[in-house]
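There are two complexes below, and they share subunit A, which is joined by subunit B in the first and by subunit C in the second.
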Partner chain A sequence: MHIPDGYLSPQTYVPLFGASLVCWSIGLKKIKRELSTKQVPYLAMAAVFSFLIMMFNIPIPGGTTGHAAGAGIIAVLLGPWTAVIAVSVVLIIQALIFGDGGITAIGANCFNIAVVMPFVAFWVFNLIKGKSRDPKRLSLAAFFSGYASLTVSAIFVAIQLGIQPLIARSSSGTPLYAPYPLSVALPVMALEHLLLFSIVEGVVTLLLFKYFMKNEPELIYAETGNGT
Partner chain B sequence: MQKRETAHRMTKTQKKLWIGLIIMALISPLGIVVPELFNSGDAWGEWGTETLHKLLGYIPEGLRKYADFWKAPVPDYILGGEESSMTIKVISYITSGLVGILAVTLVIYLISKVVIKNGK
Partner chain C sequence: MANRIPSFLLDKPDSDIYSEDRGKIKLSFIERGINQVADVIRSGYIQWDTATNDGFFQRLDARIKMIFLLFFAVIVSLKKEIMPEIYLGSFIFVLVLMSRLNIFSFYKKVFFLGFLFGFLIAVPSAFNVIVKGEIIFPVFQLSKDYRFWVYHIPADIGITREGISAVSMLTIRVVNSLSIAFLVLSTTPFPDIIKALKMLKVPDSFLMVITLSYKYIFIFSKTVEDMHRAKKSRLLREVNSAEARKWAAGRMGFIFRKTRLRCDEIFKAMLSRGFSEEVKIYKPRKLKSRDIIAGAILMITGVFFIWY
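Moving on, here comes the complex of A and B:
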């Protein structure tokens, strides 16, 4: 899901940089207003967790690989805007030091993984949870916040890649950037996530949620009334 | 790793979580070993130019121009690149995980320091 350099046309990555910039500035303002120094260690641990979980590539036998990203559980535990900053820091470090994701694609990757994913997770969590305090309902909410958020994020990536052949072609008609059309990118990305990677994300989200419910319930943003 | 003035004493849970994260870094090579066992390749849409040439028979012009303009110090978390031996890959992966922990923590603490101090 880390789009490399060269896969997106400037017409795509420039606006997405803009979108991410806006989200970073809102996220920093939110952190300034809401985060206390006591929560900083959790912010650091959350970001570190996201960095590390992305190293665990999950194989589709004989095919591609994918991974969880952890942005969903961070949104549920620390709030979506905090997740925006935590995961963006991770993605920028991954791009600069490890070449995982392109430099020109930093805006796009941050938008897909550090903005779309936390907000989908937070929204799905609250939607399923409703006003319920039933542990089973909460577990369900946690699983699906992870499952849905990674899937939607992957679909955003697929759309950005899939529209490239429509945007830019060489004089001989071949695509200039990401070569596969939406009719290929969308089903491949959606299916591999729906059937495998997002399930892993869901399970990871569920397990961590349960751990924090048991050990640090007062920390959970989506549970302490800060949530909308 | 902790800034003295911002760190209240680490709670038991926090200590456990940090240990958990370090263990994650130490077992991170599973992320390359397991895909290799299953004969799985790159993530979809993250191919290098050589792989793309194999897949398509050509390298898209714009993509070729931008693909390698950034020389990351440790490409794909592996020192010495894809051709290194498995041992090197495993060691690089663990090192990258630990470097990642340090780099991410440092940046988050820097941001928090600037943002939160000015705010309150």
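Moving on, here comes the complex of A and C:
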């Protein structure tokens, strides 16, 4: 999901960086209003948790293992704005220390994974849950929040990559950045996520949600509306 | 004399204990977890180690290196021809040599990732099914053209000149971007990178969050590694998938609790040291003339590459 350097044209990565910047600014203001001076350690620990989720490989049906991106469950547990900042911090650290994701693509990666994913997860969770307290419906909401958030995020990535041949070509017509048109990038990304990766994301979101519902339901932001 | 060894220790362990087959998950999920955590810790140590070497880039101020990183990453993304990208790559190679980095391990990492994210992902686009053009390597011939919605599969399928050009361009651009990023990241300690970001007007509170996260990622990575090792040491055989999922969810929940508790402890520690409402990271020292001269040379070289 991390877009490396070289795949996006400046016409794409500059506006996406601007969009992420706006979201970071709104997110920091909202969290500061809710948490005041406690915001720094709170966000840092949320980022650490978001990073560490990826260290756990979960066995999935079919005999393989996978790990989740975690942005969906962070949004359900801590709220979407906290997730925006926490997951962005993780993505910035990944780019600056581990070389995961490009430097010019930091804005695009943060927008796709740290902005789109948490909000889609939070909205889908609330949409399916409604006012119900039925455990089965809550579990369904948790699974689909993870499943839908990663799928929508992958579709955003596919669109950004797929428009590159339309944006920038050399004089001979050769694509200068990501070479696959929308007609290829979109179905490939959508299908591989719909059929595999999003299922892993959904399973991890469901497992963690069930764990917290059973042991510490008061900590779930989407249930209490209170991140502190 | 009767055997006193418990029977479960006398059972021969499954020789294929770390593999996955026939839909059964064995212990590989623990091994993968340990490897991922080990990678995180190793990357942190390697960066710290190479950043303290005595080379050209290590001696430069982090602010100059951050400007270099952003400036050259943008230049690499702006180039539209292969030759300027090759010249840029050669310039970065010289900088890597001057910084006394281990050339073999540096380029092994760069080329591996460049091959993976540049070449391998892009290579199908060399075919005329994706990038139309003059076929120079015919591969396959169908009886007729096929059209379906927006898709068109020509009768003659092969690798095109334009396709090769697109793949080469993308691969070399990815390799150059990775080289620039790894050059700066391998020669700059992470705290210095964060201080340098202050120059880019990143808010202090955001920088503080990144700094704290970075420190605690390593501290908690060790905790996660211990969890995996403890689980592994208690297992003799394959585990049921559902049980493994339950264990992972429980451990993630535990980590969540630990981070929440640590959040309170950090906050109390901050208060006890006189922390008020304002997060303030002090301004870094003034740039030395050596840094200014090196920075100017790098910038002029960058401008030359923009025009070339």
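Throughout what follows, the second predicted complex is superposed on the first by the 194 of 228 C-alpha atoms of A that agree within 3 Å, B and C clash if a C-alpha of one lies under 4 Å from a C-alpha of the other, contacts with A are read in each partner's own complex, and residues count from 1 in each chain.
Everything below uses one rule, namely that contacts are C-beta pairs under 8 Å (C-beta built on N, C-alpha and C of every residue); 3 or more make two chains touch, one makes a residue touch a chain.
Just so it is clear, the structure is predicted and the values come from calculations on it, not from any experiment.
J.: Just checking: does A:L52 make contact with subunit B only, subunit C only, both, or neither of them? Give me first, second, both or neither.
T.: Touch status of A:L52: both partners.
J.: Considering only the touch criterion stated at the top, classify A:S20 as touching first (subunit B), second (subunit C), both, or neither.
T.: In the superposition, A:S20 contacts neither subunit B nor subunit C.
J.: Could you tell me if A:N112 is touching subunit B, subunit C, both of them or neither one (first, second, both, neither)?
T.: Neither partner.
J.: Of the partners subunit B and subunit C, which touch A:T205 in the superposed model: first, second, both, neither?
T.: A:T205 sits against neither subunit B nor subunit C.
J.: Applying the document's definition of touch, where does A:M189 land relative to subunit B and subunit C: first, second, both, or neither?
T.: Touch partner of A:M189: subunit B, not subunit C.
J.: Kindly classify A:G173 by the partners it touches after superposition: subunit B alone (first), subunit C alone (second), both, or neither?
T.: The answer is second: A:G173 touches subunit C but not subunit B.
J.: Considering only the touch criterion stated at the top, classify A:L77 as touching first (subunit B), second (subunit C), both, or neither.
T.: After superposing on A, A:L77 lies in contact with subunit C but is clear of subunit B.
J.: Which partner does A:R33 reach: the first (subunit B), the second (subunit C), both, or neither?
T.: first
J.: In the overlaid three-chain picture, which partner chain does A:M1 touch, first (subunit B) or second (subunit C), both, or neither?
T.: first
J.: Following superposition on chain A, which residues of subunit A contact subunit B and also contact subunit C?
T.: Touching subunit B in the first complex and subunit C in the second, residues 4-7, 9, 28, 32, 36-38, 40-45, 47-49, 51-53, 55-65, 67, 85, 89-90, 93, 95-99, 102-104, 168, 170, 174-180, 215-216 of subunit A appear in both lists.
J.: Which subunit A residues qualify as touching subunit B in the complex?
T.: 1-7, 9, 28, 31-33, 35-38, 40-45, 47-49, 51-53, 55-67, 85-86, 89-90, 93-100, 102-104, 157-158, 161, 168, 170, 174-180, 185, 188-189, 192, 215-216
J.: Could you please specify the touching residues of subunit B with respect to subunit A in the complex?
T.: Those residues of subunit B that touch subunit A are 2, 6-8, 10, 13-14, 17-18, 21, 24-25, 28, 30-32, 34-35, 37-46, 52, 56, 58, 60-77, 93, 96-97, 99-101, 103-105, 107-109, 111-112, 115-116, 118-119.
J.: Which residues of subunit C touch subunit A once you look at their complex with the stated criterion?
T.: Against subunit A, the touching part of subunit C is residues 20-25, 28-30, 32-33, 36-37, 39-40, 43-44, 47, 69-70, 73-74, 76-78, 80-81, 109, 113, 117-118, 122, 125, 130-133, 150-151, 162-163, 165-167, 169-170, 173-174, 176-178, 180-182, 185, 190, 193, 203, 205-206, 208-210, 212-214, 216-217, 220-221, 224, 241, 244-246, 248-253, 255-257, 259-260, 262-264, 266-267, 270, 275-277, 279.
J.: Give every residue of subunit A touching subunit C within the complex, in rising order.
T.: 4-10, 13, 24, 28, 32, 36-49, 51-65, 67, 77, 85, 89-90, 92-93, 95-99, 102-104, 168, 170, 172-181, 183-184, 203-204, 207-208, 210-212, 215-216, 219
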